[in-house]
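Naming follows writing order (A, B, C and D), and every chain is counted from residue 1.
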Amino acid sequence: MAEEFEPKIVAFLCKWCSSAGSDLAGVSRMEYPPNVVPIQVMCSGSVSPLYVLSAFNKGADGVLVSGCHPGDCHYIKGNFYARRRIALVKRLLDFIGLEPQRFQMSWVSAAEGTKYTQIIKDFVQELKPLGPQTKLRRDL
Amino acid sequence: MVNLEDLKKEAKTVLEEGKVKYIIGYEKSANGLMPVPGFIKSPEEVEKLIWTPACVYNLTKFLVDEKRRKSREKKPDERPVGLVVKGCDSRALVVLLQEKFINRDDVFIIGVSCEETGVIDEKKLIKKLKGKKAEKIEFDEKDNFIVTTQEGKVKIAASEVLAERCLECKANSPVIYDVLLGEKAKRSVDNPFQSLEKIESLPERERWKFWKEQLSKCIRCYACRSVCPMCYCDECVADTINFAVTADTTAEEKAQKIKWLEKSPVKSENFVYHLVRAIHLAGRCIDCGECERVCPLDIPIRFLNKKLEKDAKELFDYEAGFDPEQPSLVSSFKDEDPEDFIR
Amino acid sequence: MKDNTYIPKLAKIIQIKEEVGGARPIKTFRTQFIQDNNFSFKCGQCAMLSVFGKGESMISISSTPLIKDYLQFSILKMGRVTSSLHEMQEGDIIGIRGPYGNGFPMEKWKGKNLIFIGGGIGLAPIWSVLHTALEKKEEYGDSMLIYGARTSKDIVFKQELAELRKKMKVHLSVDVEEPGWEEFIGFVPLNVLEIKPSPKNSVAVTCGPPIMIKFVIQNLKALGFEDEQIYTTVENKMKCGIGKCGRCNIGLHYVCKDGPVYSWAELKNLPQEY
Amino acid sequence: MEKVLDKKSFPQWVKKLSSYTVYAPVQEDEVWNYEVITNPEQVNLDFPNTVLSPKKIIFPQREVYLEFSASNEDGLEVKEVLPEEEPSVIFGVRPCDARALTLTDKVFGGDFEDIYYWKRRNQVALVGLACHTPPSPNCFCLSVDGSPFSKEGLDVLMSDLGSKYFVEAFSKKGEQLINPAKTLFKPPTEKDKKELDKNRTEAKKRISRQIQNIKKIPPKLKGMFDSSLWDEESMSCLRCGICTYLCPTCHCFDINDEIFSSSPLSGKRIRTWDNCQFPDFTMHSSGHNPRQGKASRLRQRIMHKFQYFVERYKNYQCTGCGRCISRCPVGIDIIEVLDKVSSYEG
């Protein structure tokens, strides 16, 4: 039998909240799937849509952008900008026919290790039935 | 109706008074129906100006050249440039003003109103005329155009040959101007996103199939980028040397610069290009439709921009190109922006 | 079927020497082909070097064709490919294809005095022809090198230049005054005027930054050199190396194939900005 | 070899060529392009000018030169990639586009033969279609030594005679196309030949556009390098790549390494079309660009086609297909530019 498909998730995590949240999950030895390639960014607001496209282009099966909860942004309002931008990108990717499950955004605070693991668990579960992402993957 | 003689008179006056450096307008071409962008430098030359339903170009694009040229000059002529704009073009100007790419003093705006009609889609006209070569096209009273062919004049309902963008136009007369020619008409459009909804309503698989086929055709001539008045960046992620290199740029900087997409015109790279292009125009595109008009492969690029335009309206009640004072779409937010998609 | 010229031959970097440090570093690489092949070249010709994954760059060969064991390239760190080359270690593999270009017409120069005038990295193409002439001393007249760089730190082939002094006249210069510098201070073209090489039975070969070349030629003319006595090399962006990709032309000349070596008699008739 | 073929028999002929990959003009929406044909009935020879010329088959926009990958230890594996062996035939080649290939032949031949180009070129047979009526309002082949029924570069030329085609084969490759379907072809009658002559005379008359005094242009251009004409004519240029990408004679290209993975290294070295109208085309690594403004790029395009190429190869590098005129987003018209060159004083 073929091995079960293990999706690769590229997660852009803000340094101050979500990345700290994932660290908390790590140091607390919470179990969650090892499918994530985390990329620490200074703020969810610094995630250019180009990063997202590039992640899919380079073979990500799913992309997650995660930042602080509204009001908690280290830079006061970076995550509000992110919210707008990601909403638009999400709709555009949906419009061109990429499965909407493949691109997610979340608010994860530094204290929410559990929430982080749950988000990843859910994400992996949702991606598995979709199989590998080939639509935007580099076909040189 | 816009009287061409009035247009010429206005142009002549400002040139004679020395109020403008030169005027960018529509000029009759030697080769028939379609005009060409004209750069009118003297009062005598205003006779070249025309205004017809074939004046498709968004001439605000040439302000980008003008700005670059001016920045290279040691003692630049500080007078404004005269610019002929349609309604849609004037919205592009508003965006350029909003982004402070140009100053209001840099441009003397000669607005022309499309009134109840707009400009043609050349391909639709050719099809409509079934092989007869159009020599001339003129506005007529009401919603008609008059087309002159070798066999004489025919009257055509504008709606049959209007460009798609004009059928969904939100500004048939200029929203900003120094002089306005023609009636300040506001044609009501029931649904400015009608054409888009045909694609939106397709199931996901069909949408993917559609875009895969369309964007795989792209040969990356970059005409869509080149013609867009908002594409004024000195550096573009699509270029091989993807930033403005000067003698001071270090080798490290050059070497470390990321190649976001490859030059191969294959599906995946074409998607990166077109999606980045679309996103970069979110809240900026004013639907002049030039990108789609110039595409040699007839890729309906406009839908990508249109989709973002619609989402900006739906999600954030944002419309580009009406108010130069409003903050830009992606550098502003409201507390109540939707977040139901966030986990 | 003929050779596929686009496919580079693999070569190992056998020696790397740091010539110049700082913001505009220069390193000299010696390379050896992994498999024997009949790579033979003329002085002044170039080779297309590959760093796989980064791309290709056209570099002039700075060793003399009389040495068969290795090819030598002196490379200024400038862009993507040359930066990668600078990061490489001895033993690393690169690709080499070529040689390309016309090379110096050394046959024509037999019996003549050779005056080499170089600036900065421009010594690299001169190095090849200079050493060839040196090896075949009996075939040429007196040789002389006039070379300058921004500062003494920017001078390439420092040790070799010291050696060279034993064999020919070497005039060095730096652009601006610095402590301990005992030779000429000022731009290379001025040094040419200072030294006043005689045009009699001579050929001048000059390589370096375009602005330097321009004034060197002006000054050589002032010293009585004829257009046919002055040779220089031209550089331009290149991709194919064989006159097909269409980007390196000056007028109808493709620098990669018809150049890079031109006599001033040829070059002066071509457009200056192309 | 001269034959006639009933129009009704044409699909049968195509059917006989099953050992070939068959290309023909295909319409999608308003756009015509040469594509691979699977059903012979699909071939429609009543078509206007295609957007891209058959150049895209022989000199494809993307060509893989080689593949590289890190092999075990410190090694590196480099594998040459050559175009597949695939005998092909292109139907409906316009005479101007076929002539264009005779020009790219000169570029890709010479001292360094371009294996990629020639592998594709040699395995393709070109079946032309004479232009009874100009396929574009901007056709001007007669001005640049061409004609609507030129056979240069073609293996076979088909000419429309109403209910049948007049078919001429000029090469062995061409005869090999006809041989498997011999029975479908008949010898032409005197009447056929007369009609052909008549059609050809008429076809020439239908081409309305022309360049004045073309012979004088190359020498004239020689002295116009620093002319202000280039500034004026390029004012409206957008610096897009349409004119050159669509041109059947333009051959400029770029070579880049495109990678799947940087560690372990794997990727391909790829040739893609490039374009003298793009600002980065000539930009040095240092940032210096010898062709700064768009005026110098328009000048390069015109000079290359009507001066440099003429001097080097004794041909204009233009076959009058009119694509650059029809598709220029701002209506820059090469004929008008050349007319201005002709009449330029000062």
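Operating definition for what follows: a contact is a pair of C-beta atoms (placed from the backbone, for glycine too) under 8 Å apart; a residue touches a chain by one contact, two chains touch by 3 or more.
Fair warning: this is a prediction, and the values are worked out from it, not measured in the lab.
Student: More contacting C-beta pairs: A-B or B-C?
Tutor: A-B
Student: From the C-alpha centres, identify the chain that is farthest from chain D.
Tutor: A
Student: How many angstrom between the C-alpha centroids of chain D and chain A?
Tutor: Spacing between the chain centres: roughly 47 Å.
Student: For chain A versus chain C, what separation do you get between their C-alpha means, in angstrom?
Tutor: 52
Student: From the C-alpha centre of chain A to that of chain B, how far is it in Å?
Tutor: Whole-Å distance between the two chain centres: 35.
Student: Tell me, which residues of chain B touch at least two other chains?
Tutor: Expected reply: 254, 262, 264, 266.
Student: Among the residues of chain D, which ones contact at least 2 other chains?
Tutor: 254, 256, 258, 267, 270, 283, 285-286
Student: At which residue positions does chain C touch at least two other chains?
Tutor: 78-80, 82
Student: Considering only which chains touch which, how would you classify the arrangement: line, ring, star, complete or other?
Tutor: Looks like something else, not a line, ring, star or complete graph.
Student: Using the touch rule from the top of the page, what pairs of chains touch, sorted by label?
Tutor: Per the contact definition above, the touching pairs are A-B, A-D, B-C, B-D, C-D.
Student: Name, in rising order, each residue of chain B that touches chain D in their complex.
Tutor: Contact set of chain B toward chain D: 29-32, 34-37, 39, 57, 61-62, 65, 123, 127, 133, 219-223, 225-227, 239-241, 245-247, 249, 254, 262-266, 290, 293-294, 296-298.
Student: Using the touch rule from the top, collect the residues of chain C that touch chain D in their complex.
Tutor: Spelled out, the residues of chain C in touch with chain D are 1-2, 4-8, 10, 50, 52-57, 78-80, 82, 91-93, 95, 235-237, 239-240, 242-249, 251-252, 257, 271, 273-274.
Student: Per the contact definition, I'd like the list of chain D residues that touch chain A in the complex.
Tutor: Interface residues on the chain D side: 258, 260, 267-268, 270.
Student: Sort out for me which residues of chain D touch chain B in the complex.
Tutor: Residue list for chain D touching chain B: 29-31, 51-52, 61-62, 137-138, 235-236, 238-242, 245-246, 254, 256, 258, 270, 272-273, 275, 278, 280, 283, 285-288, 325, 327, 329-333, 335-336.
Student: Under the stated contact criterion, what part of chain A meets chain D in this complex?
Tutor: 138, 140
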